[in-house]
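Below: one structure in structure tokens.
The letters A, B, C, D and E name the chains in turn, as written, and every chain counts its residues from 1.
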Amino acid sequence: MLELSDIHTYYDHIHALKGVSLTVNEGEIVALIGGNGAGKTTTLRTISGMMKPRTGSMTFEGQTIAGIPAHHIMQKGISHVPEGRRIFKDMTVRENLDVGAYTVTDRALIENRIQEGFGFFPRLKEREHQLGGTMSGGEQQMLAIARALMVAPRLLLLDEPSMGLSPLFVEAIFDIIVKLNKERGTTVLLVEQNANMALQIAHRAYVLQTGEIKLSGNAADIAQDESVRKAYLGDE
Amino acid sequence: MELSTLLPFLANVIVGGLVLGFVYAIIALGYTMVYGVLQLINFAHSEVFITGAVVGFEVFRVLAPVNMNGYLKLLIALLAAMIISGLLNVVIERLAYRPLRNAPKLVPLITAIGVSLILQDVLRVIEGFQGRFDLTYTLPAGFAAKFCAVGSSCESLGNFLRQIGVDVQLKDVILVVVALVSLGVLNYLVNRTRLGKAIRAVAQDRVTAGLMGIDANRMISATFLIGGALGGISGVLFGMKFGTVNAYSGFDPGIIAFTAAVLGGIGSIPGAVLGGLTLGVIQNLIGVMNVFGGALGIANLEAIDASYQRIGAFIVLVLILIFKPTGLLGKSNVEKV
Amino acid sequence: QTTIKIASLSPLSGGQSDLGTQIRNGAQLAVNEYKAQFKKLGFDLVLVPYDDQADPATGTAAARKIAADRQILAVVGTLNSGVAIPASAALVSSKVAMVSPANTANGVTDRGLSNMNRIVARDDAQGPAGANFISGTLKAKKAYVLNDKTAYGEGLAKEVEKALKAKGVTVTANEGTEEKSDFSSIVAKIKLANPDAIYFGGIYNQVGVFIKQLREAGINTPVVGGDGLDSGELPVIVGEANANNIYFTTVAAPISALPAAKVFATNYKKTFNDDAQGFGAFGYDAAKVVVQGVLNAVRANGNKAPTRAQVESAIRKGSFTGLLSGNVSFNSAGDRKAATLYVMNVTAGKFKLSTSIPVKPAKQ
Amino acid sequence: MLEVAGVTKVFGGLTAVNDVTMNIPDRSIVSVIGPNGAGKTTFFNMITGIYEPTRGTIRLDGRELVGLRPDQVTEAGIARTFQNIRLFSTMTSEENIMVGRHSRLKSGFLDAVLRTKKFHDGEQEARDAARIMLDFVGLGKWRNELATNLPYGDQRKLEIARALATTPKLILLDEPAAGMNPRETEDLKALIRRIRDELGVTVCLIEHDMRLVMTLSEHITVLDYGSLIAEGKPHQVRNDPRVMEAYLGRGAAAGDYGKEERPHA
Amino acid sequence: MTAATLKRPKATGPDRTVLLVLFFIVTSAFLLLSHNGDMLQQLGALGNALRNPIVEALMVSLFLANILFAYLWRAAPWAKALVGIGSLLFVLPMAGREDTSLLDLSIQIMIFAALALGLNIVVGLAGLLDLGYVAFFAVGAYTWGIVGSPRFAEILKYFGENPGGTNSGTLAIGLVLTAVTAASMVYINRLTARTAPTATTAWSFRLASVGLVAGVILTVRALLVLLAPQADGVAGGLNAGFFWLFLALSIFAAAAVGVLIGLPVLKLKGDYLAIITLGLGEVIRVLANNLDLYSGGSQGITPIKSASVPWFDSLAGALGFSEDQYYLLFLYVLVLIMIGLILTVNIRLDKSRIGRAWIAIRDDEVAAQAMGVPLMQTKLIAFATGASFAGVMGMIFAAKQQFISPESFVLNQSIAILSMVILGGMGSFPGVILGATVVTLLNLRILPGLGEATANLGIPQQVNPGQLQRLIFGAILVTMMLLRPEGLLPNRRRQLELHHEDNQEDESAQGNAGALTNASGDVYSAGLAPVKEDDKAGGSR
């Protein structure tokens, strides 16, 4: 479904991705793990078109998407929950969801999905008319996820969805991911610091280190890998 | 002085201020739209709007000998001005602001000033080739007449106005109507349509808007188109109301209109309108302070004459902003830390 | 061939460039007229226009540049008294004579500079003339005075106010306004005050808009002004139908009244593809004074290029003829000895000479 | 040391913090936990003067803090970090920390213009402090790098270093471990201990990472819907049914948090 | 460290000592030549070519470029010193002796450079957009303009005729009131620095400030009345010896006005601040236009004295200057010294606790405050410092022009100064000076020169460059900003930031903006101030 090969991305002179190649197959949950500054966020940004790779090729369902503007990529069915949530601060919760459904034109469908989002995160319903910017960190995270689901994406890019969420919600989030994947067949590329849980729900995983893929394989295998356990899972 | 003369006087001053306020309001909307999406004080808007005035002038001039309904002429003038000012604004954005999207905020401010200077001379040269500097509108017959004059079909309304001492011309009424209609349309566009929502999303976070499938550049162009079209309308209204414009006459009303936008809460559409009306009325009231000073026998008030009109408005602005730091209708934009 | 330069100093860009350009163009025509004559004497006469943007600081800077170019012997300018005052001060030490086609403010010559001259009347003549007209011809008992808050307009309005009061006319107000478009509050006040006459010290494109709104509000009170109103654009702005009952004092005879002026107007139109206006004629006259002054100095110097000092005194001492506005000679302060003030009357958009008043500066 | 009594914060109709009372003893490490939107950050904002409490008092060593501006609170001895990192983006790491020294430097306008001894001493002191703090949090190599160029986790540490540079008595950390992997969280844990042990600074933190909270805290306060629902030692809180229900969720009962270490209490 | 980031760009490339000196000699020679009327007369055709205004403007520009190159190029220190000192202290004054317009131009450039440096503190460092900056310039100009001209005698006369019950007792009351209120303000300030401000402290502070203003007014009034009998003695204005006193006073007056204006408005954010300063700038201009007694209203004030420094005059005389040029040369030297001082103050402040605090609040107000930076105080210092530079330059401007009127202090001037700052490179001192030089050169020399040179070429007047100065200037402004958005000599900080963001942009121009960096604290964003009572920020009362 998604295929990156030899992608190089830069921030000014900082060479953030040094030839990343990875594949995400239809219906999979793929975890991308790695330490701080490894380039996980950059990878997702490159895929969704927030950043342009300097070299390398990138295809989604066979069509090349490298260098295409973000709004076109999104219209192909890729949704991105960005790092830092990036809620529209001066819009209410409902308006945020509405904008999330910009490419959907059917009012009834939009309303349906909003209700669905409220179902996932009841707190959002309570705060339907609160400004996004005044929501607490965790509440914003919920909103960001619900917003990305408004278009019923075929590929969902999640950048640390559990960040800032309370333990109860961390579990809920992972449940939702699994549910989406199982019931709707949504493909997920998941970046997580909470690698333990990520590897539990993922089918496959990649380990990124200073801009390069260091390891890839079955999630279960990766979870057992000695170096991974030491470096990312906090095992002594 | 008696109340019976002072009251109609006051009514006139306020009505005059309101009409003026509507002109400011529509100019202010052009600033506010652009500010809302790029946080840029579009200094070139004063020339975009004067371009509208020039277009209006040309339309009326060319159509003057044509025997045609005056309202139709006005409509043509408005449409032409909207199109030309709108497109001009889009082109300005494309050439002078878009390449600087990622530069510090003040950089496009300077190019805006540059564009403003360029346009001033360009307009002057264009009209100069025809030997014109001050452009005086030739309005359709009757526009300058009293509204609902004695003998007209709406005489009774006119009588009522005359009774309370309010003295308006047909063109003032037209102006207010056109302004209100434009406001209504704009409000619908921004608050009720997908386009409006997308523009607001782009205004807050271009990148994330892109992730939502919104083409930020198109939305920004659309905003400039709308803002420019409003500028075109305001230009024609301005020319129609005051009769004469030249290439340089956008600066002053531009500054005041931007002030109005700020007073109302910059970025807010109802705010711009409220700000425009407030400034219009306050300006006029300050302009007649000396009359009240005379009537009440307060010497210090008497010294405040029309030369204080403009700074009076600024002082009111200062006072209002001290108590409402984000303007009359500005969101209090509480930042969550 | 030695080059002799005459400079013009007036606003060529910005909101007053319309008037400033008239001065420059008028001066250009005068220079063109004399080119041949100078050529015969072995001189190349050229006009170098300088732009003061109607701003005193820019004007001073330009004046210093003029001072530095030794080929420039004299200056025609400026438009604005506010610029003339500092500019002439910057030129006085290098003895570059200035002949102003437009500056009426008293302060322009009151400082007694040896280089500053003007061919227009002073505001302390123009003001009383306007006041006389108001109290005498218009028989007004109550007048409303307005000004544009510039050195010129306010200075003139003050003179008018003083003269009106001396004549026992009630002056309801002397009010300043920088507003250029909306006069609704002032119109309302005038309606309330109901004066017999209005005086506005200002320039036509502001005053015109004011009169238009005044008339549209149904107030037909006579409006009187100064030389700032002397422009064919005035009735256009006011609207022909409304352009009634307007009077202004000016120092140049109306173009239509003089055959010479007619030629000038055609020439102007031909050369610049634009209509000549009052200040064009003034610029022409002022330049003529300068050029004749230079010519006199050349002759006195045995047909050799004169010094600036020679030109300065030739201008101050000489008497000049063949001008559109009559003959010119200056008193010791640089004021025109015998100027004529014309009172013009605008009726149905047409200018008509109402009266002409000979004026003499206090000093001779 | 810090005594918070009955603080309440109302936003429009919403009571974000409701009558919370809490004492932080000197040289302790305490935590505030609670579900998303419970009012934890708001609580911090009130202590540091960013919001003014609707009701209640806040005292630091007996001195009333309510009504002070944030900079005065800092001067009084409370420093903080932010949930969403807020570094000075056009400054280097070192400069960021030097700003932290602001309230401790006394050289004024004239000192700066005249380059008095006081000024030079102050600058030297600030630079030294910056170096010490950078080394303390292990960011020495980033000294001359623009703050925005640092990886996320390091930015969090830089924020801590900047806060420490104000020589606080108490430091408030808002989700310091967010965005860190378990390995990095371990390092952070050590850092926080050193802040208390080596610098003698009292620490109060908000965190959702229960491993960190349970192993580090000497005392935990739990908020839910703005109200205090439980407090006490980690094991008490962990086993409080209300906390489990509102916050920890199913997994918590199994007690898989803080297995490795017991808080030394 | 701060110093490191602000060091001038490392001069790289080959050593250009020889080139520099050569360039200096050649341009100096041309400058001296092209401004010497006598020589030009003798040179015939070459003289005429050199006299061409464009050529002349070019000569001046190239000559000034000397100083820029001396700054930028890698060259021996002695060469740099030679070029710097030689240009500024020798060649320029000598050329100016022949052509005072050069002195005038140089003074004007430096006045604008100082103004730009002052505005740079406010806008570039502290991130406060001030569109009314010219007001402080006006305050300085009028401070001296009023007392250093016949205006002063007029004012004294007026007060002599209208004492209105003022006597020496009033002076005493005024002085006491001033002292008491000032002291209590200091005291309250001290108090609230330690404890929470209460309604009482807030109101008593306000009361005290009103008292202070009243006290100052009373004192000044009393002084004027008491001095009234001396009116005849100062018919032409105060003795020029007071120039120095007023040089100091103009600094304080402008700074005080800065604080007065700043106190109520500095709470506002971003463009709210911009428009309110714009308004207050207009207020000051209109007041100058209306308070005829003090300011001469629209007629302005003239003639204004300059300082008289006998030994300097004799020095100037010895150097061959004519008497009427003495004051220009004097002001030239004075402004040179001033700009040196201002630059030093700037650099020193920037590399200090205060400079860091400015940049901190520009980057993120909330975080800065949380780090112990008092917002109001820090902003006020920026405002007052910027204002004081403008004040002193206003005074020099008044002395140079010998005439001031409200027209010189219009909004457009503020905008022009802002464009100098940004064109040169916000936050960069050499950049800002260069920006001021370029804009002033363009406006006073190059564009007018273009107009003059083309005046007689038969170009239709509508498109004659002389009348298209705005267009040309605007086009240059736009082009330069598009080509170098970071400014001509960018601040390293800014440059890093900008390039940083630049590179993230995918070239399809799909907006991804600087928003990618967590630039949460953009100073120019619209207001963030809490308004509702219940979410008032702690510091707001």
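Keep in mind that, in the parts below, a residue touches a chain if its C-beta (ideal position, glycine included) is under 8 Å from a C-beta of that chain, and two chains touch if they have at least 3 such contacts.
Listed by chain with UniProt protein names: A, D = ABC transporter ATP-binding protein; B, E = ABC transporter permease.
Since this is a predicted model, take the numbers as computed values, not measurements.
Trainee: In the chain contact graph, what is the shortest path length, in steps, from subunit C to subunit D?
Mentor: 2
Trainee: Among all other chains, pick the one whose mean CA position is farthest from the mean CA position of subunit A.
Mentor: C
Trainee: Most remote chain relative to subunit B, going by C-alpha centroids?
Mentor: Comparing chain centres, D lies farthest from subunit B.
Trainee: Which chain, with its centre taken as the mean C-alpha position, is closest to the global C-alpha centre?
Mentor: E
Trainee: Could you state the distance in Å from the CA-based centre of subunit A to that of subunit C?
Mentor: 75
Trainee: Find the geometric centre of each of subunit B and subunit D from their Cα atoms only, then give the gap between the two centres in Å, rounded to an integer.
Mentor: It comes to 50 Å between the two C-alpha centres.
Trainee: Rounded to a whole Å, what is the gap between the Cα centroids of subunit B and subunit E?
Mentor: 33
Trainee: For subunit C and subunit E, let me know how many angstrom lie between their CA-based centres, rounded off.
Mentor: 35
Trainee: Do you know which subunit A residues sit against two or more other chains?
Mentor: 11, 49-50, 69-71, 84, 134-136
Trainee: Spell out, as numbers or ranges, the residues of subunit E touching 2 or more other chains.
Mentor: Within subunit E, the residues that touch at least two other chains are 289-290, 366, 467-470, 494, 497, 500, 502, 504-505, 510, 512, 516, 518, 532, 535.
Trainee: Return the residues of subunit B touching two or more other chains; collapse runs of consecutive numbers into ranges.
Mentor: Residue numbers touching two or more other chains: 121, 128, 205, 207-210, 216, 307, 310, 333-337.
Trainee: In the complex of these two chains, what residues of subunit D are touching subunit E?
Mentor: 10-12, 46, 48-52, 54, 64-75, 79-80, 82, 84-92, 94-95, 98-105, 107-109, 111-113, 115, 119, 122-123, 126-127, 144, 146, 148-149, 162-163, 166
Trainee: Would you pull the subunit B residues touching subunit E in the complex into a rising list?
Mentor: Listed in rising order, the residues are 35, 39, 41, 96, 98-111, 113-122, 125, 128-129, 202, 205-210, 216-217, 220, 255, 258-259, 262, 266-267, 307-308, 310-311, 313-315, 317-318, 321-322, 324-327, 330, 332-335, 337.
Trainee: Residue numbers of subunit A touching subunit B in their complex, please.
Mentor: Per the stated touch rule, the residues are 48-50, 69-71, 74-75, 79-80, 82, 86, 88-91, 95, 98-100, 102-103, 105, 131, 133-136, 147, 151.
Trainee: Going by the contact rule at the top, pick out the subunit E residues touching subunit C in the complex.
Mentor: 35, 37, 40-41, 48, 51, 98-102, 104-105, 108, 289-290, 297-300, 302-303, 322, 324-325, 397, 401-405, 407-408, 443-444, 448, 451-452, 455-456, 460-461, 466-470
Trainee: Considering only the defined contacts, which subunit D positions touch subunit A in the complex?
Mentor: 11, 14, 33-38, 40-41, 83-84, 149-154, 175, 178-186, 208, 210, 246-252
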